Amino acid sequence: MLDQVINQLLPNVSKVSDVFYGAVLQTLQMFAIAGFISFVLGLFFGIVLLVCKPNGILANKVVYNLLDKVINILRSIPFIIMIAALIPLTRLVVGTAIGTTGAIFPLVVGITPFFSRQIESALSGIDPGLVESGKAMGMSANELIIHVYLKESIPAIVRATTITSVNLIGLSAIVGVVGGGGIGNFAIMYGYQRNQMDATYVSVIALLIIVSIIELLGKSFLRKTTYY
Amino acid sequence: MLDQVINQLLPNVSKVSDVFYGAVLQTLQMFAIAGFISFVLGLFFGIVLLVCKPNGILANKVVYNLLDKVINILRSIPFIIMIAALIPLTRLVVGTAIGTTGAIFPLVVGITPFFSRQIESALSGIDPGLVESGKAMGMSANELIIHVYLKESIPAIVRATTITSVNLIGLSAIVGVVGGGGIGNFAIMYGYQRNQMDATYVSVIALLIIVSIIELLGKSFLRKTTYY
Amino acid sequence: MSEDSFIQMKQVTKSFYKDTHAIEVLKDVNLEVEKGDIFGIIGYSGAGKSTLIRCINGIESLTSGEVTVDKQIVSNLTGKELRQFRRQVGMIFQQFNLMPSRTVHGNIALALRNSGLSKQHKEQRIMELLELVNIRDKRDAYPSQLSGGQKQRVAIARALANHPKVLLCDEATSALDPQTTKSILQFLKDLNRKLGITIVIITHEMGVVKEICNKVAIIDQGVILEQGDVFSVFSNPREPLTKTFLETTSNLSKVDELIRMNSPLVQLEEGQIILKLTYTNTTVSEALISEVSRRFYVNVNIIASDIEIVNDMLLGGLVAVLSGEQAGIDQTLTYLHEKNVVVEVIRDARSSHQPIAAECL
Amino acid sequence: MSEDSFIQMKQVTKSFYKDTHAIEVLKDVNLEVEKGDIFGIIGYSGAGKSTLIRCINGIESLTSGEVTVDKQIVSNLTGKELRQFRRQVGMIFQQFNLMPSRTVHGNIALALRNSGLSKQHKEQRIMELLELVNIRDKRDAYPSQLSGGQKQRVAIARALANHPKVLLCDEATSALDPQTTKSILQFLKDLNRKLGITIVIITHEMGVVKEICNKVAIIDQGVILEQGDVFSVFSNPREPLTKTFLETTSNLSKVDELIRMNSPLVQLEEGQIILKLTYTNTTVSEALISEVSRRFYVNVNIIASDIEIVNDMLLGGLVAVLSGEQAGIDQTLTYLHEKNVVVEVIRDARSSHQPIAAECL
Amino acid sequence: GGKTDGEASVVKIGVVGEPHKVIWDAVKENLAAEGVEVELSFVTFTDGIIANQALADKELDFTLFQHYAFLEQEVADKGYDFAVIGEALVAPLSVYSKKITDVDQIKDGDKIAIPNNATNAGRALKVLERAGLIEVDASKGYMPTVQDITTNKFNLEILEVDPALIPSLLPDLAAGITNSGIAIDNGLSPITDAIYSIPVDANDETIKPYINIFVARSEDKDNETYQNIVNAYRQDNVAKAMLDEYKGGLLPAWDYQE
């Protein structure tokens, strides 16, 4: 019975349901791995941008300008071109430039500059009085970063992470060009190119569920970390 | 002489230099128009999200949940699929669904949800004491939005706008699917699909110039609007 | 409740919720402020003073009870009415809450945005206010470039901008030096006298209360312990807390410490005693010390005193070392007692002292 | 410069730059604080007090000059040395600067992060500190849930957490009620006495200076006008500003206002005069009023007084209405003059007064 | 549209990818020489699906990017009323490899990449079938999908990736199938580097469906201007421009003289 309903409602998807499940797994895999790595890197570079900025706690013109420029360059390259340009490097780093594995590296390179900017922006909102107070307590730069900048920006970081995660999901639809697969790619290949509406709907719903979970997690985290 | 050097350095681009100039114009046109409209809309929806939020100054569950959901849905749809799905609406709204003109509407629909979230995030950083102080002065909701939320968040809004602008430039590389053209599309067609390195470089440099100008404008604006 | 009451709090309670458990910050608060009052609110840190004053203009919502201002029930006001109401209520926040992205000028201009004044008159008014709080040279500075006291002064100027009918001051002078405090208090007093503006003022400085308030309320742990006119509350405190408050701010209490530490300053010779005299109902026309010195041949040697004129009466007292014949000292005590002075013997070096001293405690 | 000086500022200047033009906030400041001092800094709002104190631990960079603390030149310290140095310097900020995302407990724990204490000892220390500032029940509250005074108390606890050698207090008690202020000052005094901790304290409350400081400096528009030990500065102020400061905080100044307003309280009968007596070098053992009352048959009718013991000397004075025979009054004036009391006739209703009164001004 | 109203009419042509400027320059020369007053305006799509949609929506006059097989599929899916008004070119599709030199060397479980667009994925599968590596469901016509593979004796892992990336991805693959044009642009030679290709013969049963064609709406089937343009395209000088520029990546689908 249920099978019939599904077949009726999803005439095309039901035929390639294993491909669809595979795509969901691929999206989750790419999201988890690339997301985690970009989170770490973005946090790192965002902090570097912040502290090396003129007037920052470790003001360093050279590092700041270099990183600032590199991020601008990376953000200027259309993602699809970046994927292509990265292929040799991707192979070097992860062993293959193809498939879901090969898609993760370009995803990381694609999203990290964006996330770094978001983090820089999030941390810039800190009340300078708090930094002073940390300095007065004899905090080292590392301690200032951890105990003041990061700790006090958690709500802003959560918001930045939520926005970036959703963007990452968006980018993961593009890595189909190296066979990365994923839900977005499924939607494009079946829904868009083969005009199978049910594939589009199912994909968008799957993505919506992921995005909604991200947003919900973000919100509940925000509630727990906002104290005014 | 110079011509020769250019021909030498840019063997492929020099053959289609008019196409490239056209692409630059297209990018600027898309960026300016879609950017302006999305800025206005994103600001509006970001504010609506903020004020209608539970505990917001105009808390309204229905509006908030509706908008929140719509934004999530729009952010869940892979952009290329969104473009295709929007075609009839695009034609209705702007008269054509193809070319640079036809690309602007999907760009607006694609970037506005992102920008709305960014604005929501930017405005969420406001010290609640300032809102109280505004209320104590007898401010209406509108006045609170204008004189407190927006005015006091200008640095955060500038940062969000900078980030969003760069993202918009990124999205404009994708609207090639409806013949939108632009630098990104030029890079994809010549540099990526035809492996003409000079086309890639020239495009990336052009995009980098635009992105750098956006970042510089953002920074100088920030300097002018940050008072601590 | 009084006919004249301008601000009235009836059975106001306010709780903050932390997860499920409630913190009751105001408990059944009843308060009456008449038109033209300068009403002081004092109490320990955390007593609920800020919360109380924030209930008056509805910035804080009530858990139960009712606040009426000028016959309007504040919690019933909405929209335009509420805004209209609030425009007539100036508020100085404990944390100032200046707009960081606006200059001093801009902060005040913001308060004047709907004043209906022409641009020129607005500028004039801003100038007036800046001069009033003596901060003209900081006109174009941003709050982050101001000192604590300068911020507070801008907050004061902002609260006064629209000629409010009611002024709510949450520690309006805590960051100000005595001179500036004095001139601002003087100004508030003048405003009150000339325009009949009603002022509610939270303060930790008893000096401020004595200087400008005509009424005072003492709040402790969310409960109003005592309220009434300043002189009667201060001269005759019913509650131990009020007493403690007054004592701590008085010079007289220092002697207690000296005694506690057995300082050489309070070492008595045989026959001397240390007295604390507190005026309760003494007019300026009584020369008590001269009188006893001559009548009973005693020496009144003032080691601490704190006497001031509050609401046209003498308030305060002194601590003195009394020396002389035993009889003279005894007679002095009796005499002072008759004159309505509260006498407390805080150290006694008479060889065998009479019970009369104890009586006067 | 003194051998003993523990904190030393030499020709310190500090300017803030606004576009191209500089605002000179500290001008050639020289300051000496000895080990174990409780050093008060007073001055008008905006005088540069906060800026000065922030130069001591190098939170504010100097434009020129040198600050030495415990023989280390602060601006030369970097990296680990600087951090080590700062860990020994507790600071209470005027704006508290608590970490909003940490509870009261968390804020104090943060200060203890490198204390080397075991977890258990840390908890114990936090408990001690919370008890000290009497805020144990707010252990798990976030700063946004605290009242102004509670925040300040957390800031105090935090500054004290690491047993600093130097404590910099920028208005450490401005948001506190007198009782809490007193207990905290008492604690600081004890700390100072027992552990020899050096304290620099900015305050607007003269009471605080008199209560715990042994030295005081007056700063005006970035210039140190006067510095020295509290009694000599207060009893004998060289600078008009110091005088004004002391006067404004004294009860005696109220009489001036009554006179200005020609209040009935200061209406004299024929032959009476109003005197202001200021003690400069009076010990507790002199019974001046008794003396003159008996000797010259005058009535000394105190209408305001403000006498306290500061550094074991009497400080302050009184305002009194003097009545009696013309000769007695004249003799009284002469006598007081001899006794080193500064006498000022502030109102005179004698039919024809003698030049002697003027002499004593 | 292409209607003449006195002045030179504008014809809007939808193309996908790089707009073959060199080829069209030659076409314009021919038109000018013939005295045909027409202005050609190109809309370059990155994707054929929307180009067809735009043609149906009358936003374009005709298109040149798709082959018969894709057109057939699109008409079947969306019911377009289109007509073929001429044949233009063939973009040969071959199997390339960096690891092997002949399809014989394909091993069990090898990875093979095929284009990820609907236009060429089916065609690539047909090439693999022709090479004897797989069999696809014949009933699916010229546009089978990976799901339509009926026999996969080598258990090949078929990856659908962007054809433009296939040359770069070859090190990760046993083989990849892409257009000669892309191969040439990436420094591969269809002659020496291809390990398998179907001989280009416009009449070959397996080539015919993949000839790129001019497509207009059926109502414009006989539009004179369009015919003029198609004629101007199918000329020797155009063939020369095409062969010079694309070095065999694109082949004229008409008889021409070198």
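Letters A, B, C, D and E mark the chains in the order given here, with residues in each chain numbered from 1 onward.
The rule is short, and it goes like this: a contact is a pair of C-beta atoms (placed from the backbone, for glycine too) under 8 Å apart; a residue touches a chain by one contact, two chains touch by 3 or more.
None of these values were measured; they are calculated from a predicted model.
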Open item on the list: Once the contact rule is applied, which chains count as partners of both chain C and chain D?
Closed with: none
Open item on the list: Using Cα averages as centroids, what's the distance between chain A and chain D in whole Å?
Closed with: 56
Task: Between chain B and chain A, distance of the C-alpha-averaged centres to the nearest whole Å - done: 18
- [ ] Give the residues of chain B that touch two or more other chains, as numbers and ranges in rising order.
- [x] 80, 84, 127-128, 188, 192, 228
Task: Multi-chain contact sites of chain C, meaning residues that touch two or more partners - done: 95, 144-145
Task: Shared-contact residues (touching 2 or more other chains) in chain E - done: 49, 164
Task: Interchain contacts, given as pairs of chains that touch - done: A-B, A-D, A-E, B-C, B-E, C-D
Open item on the list: Under the stated contact criterion, what part of chain E meets chain A in this complex?
Closed with: 49, 77-78, 111, 113, 116-118, 145, 147, 159-162, 164-165, 168-169, 171-173
Task: chain C - residues contacting chain B, complex - done: 57, 59, 79-80, 82-87, 89, 91, 93, 95, 97-102, 110-111, 113-114, 142-145, 158
Task: Complex interface listing, chain B residues touching chain C - done: 127, 129-130, 132-133, 135-140, 143, 147-148, 151-152, 154, 225, 227-228
Open item on the list: Taking the touch rule as given, give the residues of chain C at its contact with chain D in the complex, in rising order.
Closed with: 16, 18, 42-47, 49-51, 94-95, 138, 141, 145-150, 152-153, 170-171, 174-182, 204-207, 244-245, 248-249, 251, 254-255, 258, 263-265, 284-287, 289-291, 293-294, 297-309, 312, 314, 316, 318, 321, 323
TODO: Within their complex, state which residues of chain E touch chain B.
DONE: 14, 17-19, 21-22, 43-47, 49-51, 53-54, 57, 59-60, 164, 167, 181-182, 185-186
